[in-house]
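What follows is a set of structures to go through.
In what comes next, chain A is part of two complexes: it sits with chain B in the first one and with chain C in the second one.
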Partner chain A sequence: MGYKAQFRVWRGDDESGELRDYVIEVNEGEVVLDIIHRLQATQAPDLAVRWNCKAGKCGSCSAEINGKPRLMCMTRMSTFTEDEVITVTPMRTFPVVRDLVTDVSFNYTKAREVQSFTPPPDLKPGEYRMQQVDVERSQEFRKCIECFLCQNTCHVIRDHEENKEAFSGPRFLMRVAELEMHPLDTADRRDAAQDEHGLGYCNITKCCTEVCPEHIKITDNALIPMKERVAGRRYDPVVWLGNKLFRRSSKKS
Partner chain B sequence: MTQVERHTYDVVVIGAGGAGLRAAIEARQRGLRTAVVCKSLFGKAHTVMAEGGVAASMGNVNSNDNWQVHFRDTMRGGKFLNNWRMAELHAREAPDRVWELETYGALFDRTKDGRISQRNFGGHEYPRLAHVGDRTGLELIRTLQQKIVSLQQEDHKETGDYEAKIKVFQECTVTDLLKDGDRIAGAFGYWRESGRFILFEAPAVVLATGGIGKSFKVTSNSWEYTGDGHALALRAGATLINMEFIQFHPTGMVWPPSVKGILVTEGVRGDGGVLRNSDGKRFMFDYIPEVFKDKYADNEEEADRWYTDPDNNRRTPDLLPRDEVARAINSEVKAGRGSPHGGVFLDISSRMPAEEIRRRLPSMHHQFKELADVDITAEPMEVGPTCHYVMGGVEVDPDTAAAKVPGLFAAGEVAGGMHGSNRLGGNSLSDLLVFGRRAGMGAADYVDSLAERPAVAQSDVDAAAEKAVRPFDPQGDGVEENPYTLHSELQQSMNDLVGIIRKADEIRQALEKIEEIKSRVPNIAVEGHRQFNPGWHLAIDLYNMILVSECVAKAALLREESRGGHTRDDHPSMNATWRNKLLVCSTDGTDVSVVEQPQIPMRQELFELFEIGELEKYYTDEELAAHPGRNA
Partner chain C sequence: MTAGINAPGRARIPVRSLRTDRWWLPPLITNLGLATFVIYATVRSFMGEWYWVDDYHYLTPFYSPCISESCVPGSAHFGEWIGELPGWIPMGFLALPFLLGFRLTCYYYRKAYYRSVWQSPTACAVAEPHAKYSGETRFPLILQNVHRYFFYVAGIVAVINTYDAIVAFHSPDGGFGMGLGNVILLINVIMLWAYTLSCHSCRHIAGGRLKHFSAHPVRYKLWTFVSKLNVRHMQLAWITLGTLMLTDLYVMLVASGAISDLRFV
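Entry: the complex of A and B
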């Protein structure tokens, strides 16, 4: 049942750090987060780590395990062999605060830049009517637990600090798509997706989808359809004309 | 003088779960400058874990539902010990609070005619829980979070600053409330990341800090649930009520050991899942208490018919209130009819097609697959009781959420009274919305009424800072203590001695253990420095857990009856003379004292919503004299 595993955990802050080796007990059924907690309780009381639910629901415990972006609480020890060295490092795309904790404020900044849900002004609470089939598309995206693993993985920002300004990342492009597909949202979000959130940077590699612990089809169901909508708007002369007319008439009134 | 970062606000909300965010929205909409402080990242509070749904009598699935029925169910569930005014406000206002969420952007599951769908849950007479699959809490917290963002966008448009009127201080822990005379003057805490101190000067503080589950070993609660708000209120001079009532959810995971306690939503049973013992028998039919006999089916055929024809059949006893189910499971395991890992079986796989299970219970499917290697569409789950929710909390005024200390408000799990001795599933999320809003209003009215703002005394700030860093330089003369060790001793003792079944001598043992732990606290020593140091954080949280555990144990010892979330092996039945007695906890700084206090009798028109026959099971003859059924 129990055995001793070899762990290498990144220890340090935003200035310096190192991979430190630990030998630590592992019991049946445990996940990586359990082992990190055992390290805290027995060998490294000041090892910094974020976690809350321990059930894959809150998206706090994101890290890179043997280089793969994962939730520590959902990574079972049984997926490794007993003699494997398990390396745990913080998410690479965000600045380290300490040990496994990173500064994820980039994501909160981007969240704030997405125009909020904009319901029809005259629709009263209690009068909302939507069909299940119509809400399901946005519901898939609302499963997001904001673990930011997709943000961490996307190559547009992973090794390109300079793109962070212009690119909101898969999580928040998906938020734009979610609102765009909300049956009662009245805002047109296509220009913003392209111009403010950098949809054009995405070249649909699907790396974000691969790491999503909620198995949301970010690329196929959010990003590609969003790109199609943007393309439709930009190149469809009818839409273009309608837009012009609408803008003009709304200016007059 | 201590180095502290200072901020001035009108209202400081401690907690960013459903209750805190709803309170903050209200305070900001009333024009007040509002701070929200939370220990985790914004959007990660415990509310995110709620699964089953939010209870509101919208009547979308069964039009017979209304607030009176919801009120009755809530009082029944709490065994008539609830603060009836809170239960009334809650039942009346919950539908509006849920509909309001749709205007913030929430997307609940729908009925065929496009309205919000509602599901069955334990103790609720009609399908009443608005839900999104089994991730309702995530929807709720994300929606409120996004509403706060939308308010910040409005402020940005107006002032150029997103944080002009409402700012979230995340990963920041409050350790003390500060007062000016008898009134609240502010809150003191530290940034978890840097360990630096922070002071909020504010005339009003709303506590929305959630529960206390981390004082118990087997729990569905996260590290945040260390009873901070309960302890902050006590130390500031406020009172706690009903602390003996702790809800042990009947269905937590029991295997593997590292996930023991993690919740299996009641939605599994609401949607058709049934409990079985090792003989394959649906044992709940043997555990229907006298008071519930006419509401619950006594045979499998009727119980199964109820899912499709609830008007003509009684409901399945698998959906009895949680305390009943938890005790039943406990008895089955004790009688040797448990599952291999010490629980019982929860079977959904034989009850509906795999596809439907995956659609209705996606996160349960995922959770068991990933954490236990169990495919719930093909085999039963193993489940057992887990410490889940504390009914007890800060004693508040129902309408304004005001605590005994002027300027202090409390809402959500940290507040007491609403749920009486036992909370119904789904009634917490609605509680957060109803009383979160009311706390925001209460705080706003209070601030508006003030002639002058209270001031924080520097000496109080220095004292709070000195207390916080004590674990780096222990003052005790004994051997150094590791906070992790003390914590696990406390958890083990509370779990074993003040857990789901209690006895006077065991509770006394627990109290002795608490005294012993208290005497070791001055020796707690932590290593390292103040930057993101979990050992230090735990040392600080431990003060709170010890204080709160003492309240739980002392109140549990005094209440010599069994009711809801308090079961005394040595006093196994409910006693009508205890029904209207509340146990009120307060502290002098070191010890907890508990006194009895009578409950205010229910308003006549609410009293008359119940049949005399039902009330006779709970009330004394004297109390029933005024009921029209008695007069007739």
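Entry: the complex of A and C
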């Protein structure tokens, strides 16, 4: 039951570009990425698009479909009506390379800025032992496929280019939370979360959670718990007094 | 619009958003909902009457605890600690600022009003109307970090509301009595507890702050319980705005004589 769909695809580079109209055949069971591939094969051989797995696991095909940040390979054509115009653009937070391909190196820079896993110095690889309940929280965050849709949607940097310097974005604040909650990590990451990764910029408006294709509860399970940990260290006079009086190190718990 | 999506190097798309759904609807509904509550609560808090039903000992949560000599006889459950209040001070002045603070710094309400009132962002992937943004990094918004203290006080107020709901099982002859008002007060107090305990700070305090759950099995259970409630935090935030208004409205109608309480016992 094929039909002809109307597409508007952004074509251009880092200097100029425009939305171009195409009419393309759609067959049953297809996803947006199939249509983009058909467009490339039939009408626009020079169309640039990044993809790999077509199974929602490599995180390459991130784009914006009708203004919503999504994976092209996981967006079914059946979610649109046949007479709907479908607009496909590259992610609007990162510099564009060409057409639907953006330069996501911002994210790699931010990834490198997170202090790596820091196990106790006397523990050799292979000797790591931990209990399931203790790693559970961190494991949720390991489902991340690094599609950077959350980074792209976060208004802190999407709407304010100048904040890119100070803010690591939900993906990497979640990485900090993952290690902070890790049973074998010995580093105290609370100050770094606030001072180096810009946790304070996040106003917990949950757009990262809304677009995550892995349905990770980024805001509720990583960002807010991290904000609470920072509050405990920096903004809680009672915790501060307790630590002074009882010489308690809050790291041990 | 903002400098962000038009920043050099990004795809040149001269519109704020290409979203085709009604992304403006949820923030609009949120604004209407919050405004309704704020207006209702303000009017009622300053009204100064119809907050206590002497026959059945119903006290509206907006006037609890009532601790001044202005309170009508019987409504001051914990005594009259201070003299008459001028009319511009609400009789619930002791708890109200803390309850307001608890909700203002609540992680859910923050999301709600940042999106709807402040439009930062109005909706996901819709450019916000502000040129600059520093989030919660500096004064005054850095004060949101004190949320846990408001949580502690909200817990105390929930105990007081629970007490109010229990002493309200009262009949005009002095013995046990029960009416529709009791059911309403009770549902309200249960919902208030659910909202208060589902708080993100509560989740942190209950066990979220620990690194090793395996070493603290009881706190792990507590954290698991609070986590289950926490998933419903948004729903509970709205439900309690509703139950608070309904409870107060019912007490007001009965106290003013507009309706009579439906009595079961």
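In the analysis below, the second predicted complex is superposed on the first by the 234 of 253 C-alpha atoms of A that agree within 3 Å, B and C clash if a C-alpha of one lies under 4 Å from a C-alpha of the other, contacts with A are read in each partner's own complex, and residues count from 1 in each chain.
Rule of thumb we're sticking to: contacts are C-beta pairs under 8 Å (C-beta built on N, C-alpha and C of every residue); 3 or more make two chains touch, one makes a residue touch a chain.
Note that the structure is predicted; figures quoted are calculated from it, not measured.
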*Return first, second, both or neither, reflecting whether A:E64 touches chain B, chain C, both chains, or no partner chain.*
second
*A:Q131 contacts which: chain B (first), chain C (second), both, neither?*
both
*Taking the superposition as given, does A:V31 touch the first partner, chain B, the second, chain C, both, or neither?*
first
_With both complexes overlaid on chain A, does A:V96 touch chain B (first), chain C (second), both or neither?_
second
*Kindly classify A:K4 by the partners it touches after superposition: chain B alone (first), chain C alone (second), both, or neither?*
neither
_By the touch definition above, which chain A residues appear in both interfaces, chain B in one complex and chain C in the other?_
131, 182
*asked:* Under the definition above, what is the set of chain A residues touching chain C in their complex?
replied: 10, 12, 14-19, 64, 66-69, 84, 87, 89-90, 92-96, 102, 131, 133-134, 136, 153, 155-163, 181-183, 198, 200-207, 210-211, 220, 224-225, 227-232, 234-236, 250-251, 253
*Going by the contact rule at the top, pick out the chain A residues touching chain B in the complex.*
13, 27-31, 34, 40-41, 45-60, 74, 76, 97-99, 101, 104, 108, 111-112, 115-117, 119, 123, 125-126, 128-132, 135, 138-139, 142-146, 179, 182
*Across the complex, what residues on chain C touch chain A?*
2-5, 7-13, 17-21, 107, 110-111, 114-115, 120-121, 124-128, 130, 132-138, 141-142, 145-148, 200-201, 203-204, 208-216, 220, 230-231
*Which residues, counting only chain B, touch chain A once they are in their complex?*
40-44, 46, 48-49, 95-96, 99-100, 102-105, 107, 109-110, 113-115, 117, 132-133, 135, 138-139, 142, 146-147, 149-150, 152-153, 162, 193, 222-224, 255-259, 262-263, 363, 366-367, 370-372, 482, 484, 526-529, 531-536
